[in-house]
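Look at the two complexes coming up: chain A is in both, with chain B in one and chain C in the other.
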Partner chain A sequence: MIVVHRLARLLVVLVVVTFLSFVLLNLLPGDPVTQILGLSATEEARAQLRRELGLDQPLLVRYLDWLGGLATGDFGTSYITRMPVGAELAERLPVTLELLIAAQLIALGLAVPVGVAAARRAGRALDQALTALSFALLSTPVFVLGVVLILLFAVTWQVVPATGWTPITLDLGWNLTSVILPAVTLGCGQFAVYARLLRTDLIATLQEDYITLARARGLSPRRILWRHALRPSAITLITAIGLNLGALIGGTVIIETLFGLPGIGRLIVDSIFSRDYLTVQGGVVLISVGYVVVNFAVDLVYAAVDPRIRRA
Partner chain B sequence: MRRRLGLGFWLAASWIGLVLLAALLADLLPFPRYDETLAGPPQSGPSAAHPLGTDGLGRDVLSRVVYGARVSLGVGIGAVLLGLGIGAPLGILAGYRRKAADAVIMAVNDVAQAFPALVFALAVVAFAGASLRNVLIVLGVLGVPSWVRLIRGATLTFAEREFVLAARVLGTRDRRILWREIVPNVAVPAASYAFIGMAVVVVAEGSLAFLGLSVQAPQPTWGGLINEGRTLMETAPHVVLAPSVVMFLTVLSFNLVGDRLRAMTDVRESGLEPVRPAAAPALPAAPHPVHDVLLQVEELRTHFTTPRGLVKAVDGVSFTLERGKTLAIVGESGSGKSMLIRSILGLLPGTSVRGGHVYLSGDDLTAYGPAEMRSVLGLRLGTVFQDPMTALNPVRTIGAQVTEPLRVHLRMGRREARAEAVRLLASVGIPDPARMLRRYPHQLSGGMRQRVTIAMALSCRPDVLFADEPTTALDVTIQDQVLRLLHRLREERDMAVVLVSHDLSVVARWADEVIVMYAGKVVERGPAREVFARPRMPYTEALLQAAPRLTDPVHHRLRVIPGRPPDLVDLPPGCPFRARCPYARDRCATEPPPLFEDGPQHHQYACWFPRDPAPAEPGSTNDTAHTRADTGSTSDTTPTRPRPESTSGGAGPETVTGDAASGVESRGR
Partner chain C sequence: MKRWRTPATLLLASTVLLACSGQRPVAAPEQPGPAATGPAQGGRLVYALSADANGFNPITDQFAAQSYSMAGTIIEPLVSVDAGGAWKPYLAASLTPNKKYDEWTIKVRPGVSFSDGISLTGDIVKANLEAQKKSPLTAAAMTPIKSFELADPMTVKVVLHHPWVAFPYLLAVQTGMIVPPASLNDPKAASLKPVGTGPFVFKEYVPDNRMVVTRNPRYWRAGLPYLDEVEFRILPDSQTRAQTLEAGGVDAVGTSRDEDLTKFGAMKDRYTVHRASGMAVAEYMFLLNTAVAPLDDVRVRRALAHAMDRETVIKTLRGGLTQPADGPWSKDSPWYAPGGYPGYDLARATALVKEVEAEKGPIRFELISTPDPNTMQGVELAQDMWRKAGIEVSIKQADQADLINRAITGNFSATVWTQFSSQDPDGEYVWMHQAYAKPVGAVSLNMTRLKDEKLSAALDAGRMSPDQATRKQAYATVQQRLRDQVPYVFIDHLDTGAIVARTKVRGIGEHVLPDGEKGLPLTGSPIPYHPFGQLWVSER
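== the complex of A and B ==
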């Protein structure tokens, strides 16, 4: 029942969003024909190419045609490269996903222990340091942070390459060195958000009666923090992770540009420049599906974390 | 104002002002124009002529950063004003009108938020041209959904407030309400979010510029400068660092200003500044004998340093307790009962200072370190709190919670602990205990939860059970069951029980000994039967008269204790109860009464003018019984005529009753 409901919602979101972006892209000036043939092409050549590409059809027909293809798993063929869009996306997606997962692991791996430690001694030195650090990190644009990190680790100390990408299938070690700096850059801002959220919620949880009673039962602070307080304090954090993942599937373009990574974000930007509508459409589909899938996953995690949510 | 906003706020505001001023006056400033090549040697570091050095074409970096500020700040301020201009009216409409308008606006808003903003921004800027105006419009429009949500939220909270509802009831026109009541209140949070919004827009514009999608060269932008500079990172890092640092400081300043403005309007955050524990010396205690009893509390004190002053929450409490006995601690809310329990158990917040001694079988618990204390808590001292709804961890199963002390303290294995947990739950009268272990607290009723917390408190067979108002949050019928259970368990296990309550009927029935607390002090103490039959302290007498009885006539008006418990900050000298005491005289205002003792039963009381030890008739409505107190009295604090208001039942005194008295009253009905 819930799954059916979710699927219906996914389809609605997908159709609305892809239609809007289809219209938007077609309304804007410039088209693939000019992009392919150049400005000097004759009108006959342009018309013929239009027919070949199907661009002479009305907008709605083209959209429905594309949507029909999508239903059978066909993302269409790029006007510009004449390559299947699906294959291009499949090649780019793992890069973005690996970047995202690595960034989340770094952010959470730091944020949970730091948030717990800051909440345990709220108002003390560590807590105040975390407040200042997270404020600074939240005020650092990602490309500024990336530039500084490249300057330090790639240019000055030369421990990792500044740019470039080695696929995981080629060499795991090189793959990791090429993902570590972009992942840290992306993860820093999220670390700040996550640690702040967790700290605030934990401090609220630690005021609860059941925590005082756990202390009255002679349990150690460590046990109380990790086993009793962490889980009830995690809801806001999980929401934030979900929102982040949803937003980042297409939102890592800056990082991908800065570090020269062939990811989805870069693909969408390049395709917009080259008026490669169908590739952009494919990217939009991925973003929308990712958005809904992440939301669904977040609901499942909610239920696992808090039994009070399970009833519905 | 200045003090509350803090130094950081003013530094940040000054930086924003400085950048803004430089951007406005860039043409007048004494440096080369941003596009003048070879103003100095290319890629030279900072020097007197070029404070931030030059870039690859020999252009002055400072000049380029200052001109870049025009774009960043222009777009930042412009886009926020645009987003606010569209979003605020929609948000106020959605929040105030609710229903149809709200539904439509929020539905459109949801779709707008699900749409990939990046694609939108990129597409528009890429196709429509990367001019200052287009970037400003795109970022402004992208901000509208957030503004609608924020303003709607702020409006909703005010639309439900009393002054707006009152205006609506009075028939004030909607437009007038909006302008007079809503807009001024929404303006404050909106202003703080405007600064945070500018930070967001400056970053967004920088991102677009970094991708080459903002204002085009030769006009410099911060994001563009950083993008250009990174190609020179190895030879001339200052070219990329200068705009990076300026951008960071500017974004930080916008965030800081917005955050401080928000904190100023947010009552919760500004009112609850964490209090540093004062480096007060441990409070000394007078020498005393250590008795051979189970629990001995000697001159226990708990003081808090608060921003308003020193609060003596517990002030010199002593008692002893033997096995198999129940000690009741009674008093109004705020009298220090619960704090006394927490003080004995060492469960105090960091802002408190504890003094005195707590002996458990002769060992001084106040000398224990945290680890030693944990070996006593739960194992020898069990605790039950007032509200079973909050006493259990909502995300853990009953089984995990009940078995935990068994496994931690008694080192039982998983299976053994489960078997013991089943026995425990059965012993507190829980049906089908094996199934109960798999349940979560929200699946249980309040009475069942309290039985579970009692089972947990008893799991390691403690010597003393502390029950802090264990039945207050329960239905009357359940209350009785739980008290009987506690009594039975005390008998079975030969425990001692410390029962905190403001419900005198509970105390009279189950306690062996009673301590009456007022303003952190013991004001009366003795065997329960004796204290209730012959209260000596006027406060105890008043408490007894405030308690409802089944023998009262149907329309009998309950007496209440006039006045409120005193403010514990800077308690005046003398007897703390004198302001509410009908028998107070001059001496009560100057000298605090010590604990007197009389009779063979060690009945103690802190009063200069105690009530007659002759058997009194508690609950009597006859006022003449008390008039003996005004024989020649010349008290200057309260009228000497004893409590005419408590029998007249006028509305005036009743509205200012202490909360325990009114609590008793409501519970009695």
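== the complex of A and C ==
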């Protein structure tokens, strides 16, 4: 039942988001015709191409036409590359997915132990160092962090390539070396957020009565922390992971441009600049679906992590 | 406890392993070494470009500089340009005009074949030119052409509506690039997998990532290409592109940043810097709409030019690396004619402003700029200089698509602009001739909308007269009229466009044309391009 409910919500989200993005894109001055034909095309040639692309049709007609195609799995054809948008997205999706997953793994892999350690020693040197590091990472724009990391790891120490992308299907080793620096750059900001959230929640949890009881029963501090305090403290962290997806996708636009990765973010931005409406629409659909699905998964994880939610 | 510790340990370990994984993907920068004695066969070149192409079909896809770099390794033009800027036959064996220059006979070079095995013939050339004339992309440029006739299997006659002495230059760009019949029949496939007569053949293309081309074993020019393979890497961020070169991830990069020229130029033992020059260099300017107030008054336009301190702009924006421009052609171009530009003179600018204000009131207009920081810095500098002369300018940011759309439809007063890198001045005909100036609201190739009879007559004379002295005089008149009427406030010649390569990469800007002449080293803007067939990699 919950799946049906979520699917219905997804459809509403899709229609609203895609309609708004379609309208907003079309409100942007300029159109794809100048991008395709360049400066030197005649008025007649422009008008003819506009007709061929269907750009002379009213906005609503074009939107409904596109929506009808989407219902049958057809994302349309790119005005600029003349490739099916679905194929373009499918080609780019693995890059962005791998980047997002790697960034999240790095962020969580560092944030959980660091957040726990800081909560355990709240107010002490480690906690203060984490606070300083978190604020430093949060206040550093990803493009600055990316350039600094490239300078250190690629130019100075030469342990990873500065830019470029090797698909996972071509060579796993090279794929990992090409994703590590972008993923670290993207994950650093998330690490700071996650570590701070976990630390704060853990400190609050450690003040709870049942923790005092556990201590009184003689359980070791480590067991109390990892076994009894971490799970209830992770709810906010899990919420943040779901909500952060949007911020991460925004970050991939910069990261993919900086590191020369052929992902979804770069495709969407390039398509906005070239007024390739249908490609942008395809990207919007993909992101909307991803966002709803991830947050649905987050809801399921809540129930797994906290029995009180499961029983409610 | 173990349930938590194990995954956490694995994650940390994998992160460390990832960071330290495998062999080093990058080589240490090589030490300077003595130059090799001659070109070496073999090797692979990784070449970073700033943007991807919109497709590789010269008939359906708009070619920018990066398109010429990539597609130019596979598809060749009928005509090329030599180091002196003169056109030379390439896939054509010869181009001969009739006495009136309203007919050109193209003899196709014998012994040339496409990589798919089909021989290049007159009917293929004719079919390509006819497709170009029909294409909405290039039809406007081919308007002076009346028809194409196949005179014999290897000869195509081009009949023009009027004399056109610079016609061969049209065949040195995408309009003259020849593809096989299969590409003409399937333009979509040709857009993704180009086929041609060039030194390399298509191997792989991943949009926004890379294109790989390999040696064409049946290339018609003996001994070429030298390289086995070229990989073009698309790296849009200029800073990380330069860092990738430093890290050894690529062998050469295109750049237009003055800091790259300064930095890599100082490391002569490790890098070579190749800059475009002459007619190949575009000009940076403010494009003025002469059809709308207050810029319809030539005194206001002159005041803008007088108030513009080009030297200060160059020092601020380009680190002093470029030369001030006073017209569409630079001083190292054979077409340059000196004198007459309204240079920096704030007192003169202020006097002109006061004169206009006395008649028409305060002078205010909107200046459009793309939002990138360097361009905005230049625009704010101009705003400040013009304010000092008494002109109030508001700045409006617009992305590239919006800016171009406004320029061609006349929905602007002034905008930043970069243009004029044709090899022959006739290449700028449609941008300046009054026949191409349309009213505001209509698409106008003459974006300043300046209707100047003397300027247009000079452009006509330059187009139609075969006499070199007459042409030179005509284009001197063009420059004089531009300086008098000021439809553009010129700033500088953008010769910061360059290719930076590791010293092991040889042959950039040193290619020889099929008939033995030295070819034009670099062309295109903002980042120049060059042929790849004669590049080679030395051992050191």
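Throughout what follows, the second predicted complex is superposed on the first by the 306 of 312 C-alpha atoms of A that agree within 3 Å, B and C clash if a C-alpha of one lies under 4 Å from a C-alpha of the other, contacts with A are read in each partner's own complex, and residues count from 1 in each chain.
What we mean here is this: a residue touches a chain if its C-beta (ideal position, glycine included) is under 8 Å from a C-beta of that chain, and two chains touch if they have at least 3 such contacts.
A quick note: this is a predicted structure, and the numbers were derived from the prediction, not measured.
> Clash or fit: chain B and chain C on chain A?
Aligned through their shared chain, the two binders clash on chain A.
> Determine, under the contact definition given at the top, whether A:E208 touches first (chain B), second (chain C), both, or neither.
first
> Touch check for A:T257: first (chain B), second (chain C), both, or neither?
Touch status of A:T257: both partners.
> After superposition on the shared chain, which partner residues are touched by A:F273: those of chain B (first), chain C (second), both, or neither?
both
> For A:V305, decide between first (touching chain B), second (touching chain C), both and neither.
A:V305 sits against chain B, while chain C stays out of touch.
> Figure out whether A:H228 sits in contact with chain B (first) or chain C (second), or with both, or with neither.
first
> Between chain B and chain C, whom does A:A216 touch in the aligned arrangement: first, second, both, or neither?
first
> Kindly classify A:P161 by the partners it touches after superposition: chain B alone (first), chain C alone (second), both, or neither?
So A:P161 only meets chain C here.
> Just to be sure I read the superposition right, which of the two partners does A:G123 touch: chain B = first, chain C = second, or both, or neither?
first
> Looking at the overlay, what does A:I150 touch: chain B (first), chain C (second), both, or neither?
In the superposition, A:I150 contacts both chain B and chain C.
> Can you pull the chain A residues that chain B and chain C both touch?
28-30, 147, 150-151, 155, 162, 223, 227, 257-258, 273
> Please name which positions on chain B make contact with chain A in the complex.
Chain B residues touching chain A: 111, 114-116, 118-120, 122-124, 126-128, 199, 203, 206-207, 210-211, 223, 226-227, 229-230, 233-234, 237, 240-241, 244, 247-248, 251-252, 255-256, 259, 274, 276, 342, 345, 347, 373-379, 381, 383, 385, 387, 390-396, 404-405, 408-409, 440, 442, 453, 456-457, 466.
> Using the touch definition up top, name the residues of chain A that touch chain B in the complex.
13, 16-17, 20-21, 24-25, 28-30, 122-123, 135-136, 138-144, 147-148, 150-151, 155, 162, 208-210, 212-220, 223, 227-228, 231-232, 250-251, 253-254, 257-258, 265, 268-269, 272-273, 280, 283-284, 287-288, 291, 305-308
> Which residues of chain A touch chain C in the complex?
28-31, 34-43, 45-46, 48-49, 80-83, 88, 91-92, 105-106, 108-110, 112-113, 146-147, 150-151, 153-155, 158-165, 173-174, 176-177, 180, 184, 222-223, 226-227, 230, 257-262, 266-267, 270, 273-275
> Where on chain C is chain A touching in the complex?
1, 4-5, 8, 11-12, 14-15, 18-22, 24-26, 28, 48, 54-55, 62, 136-141, 188, 191-192, 206-210, 233-237, 239-241, 243-244, 246-249, 398-402, 404-406, 408, 430, 438, 442-443, 445
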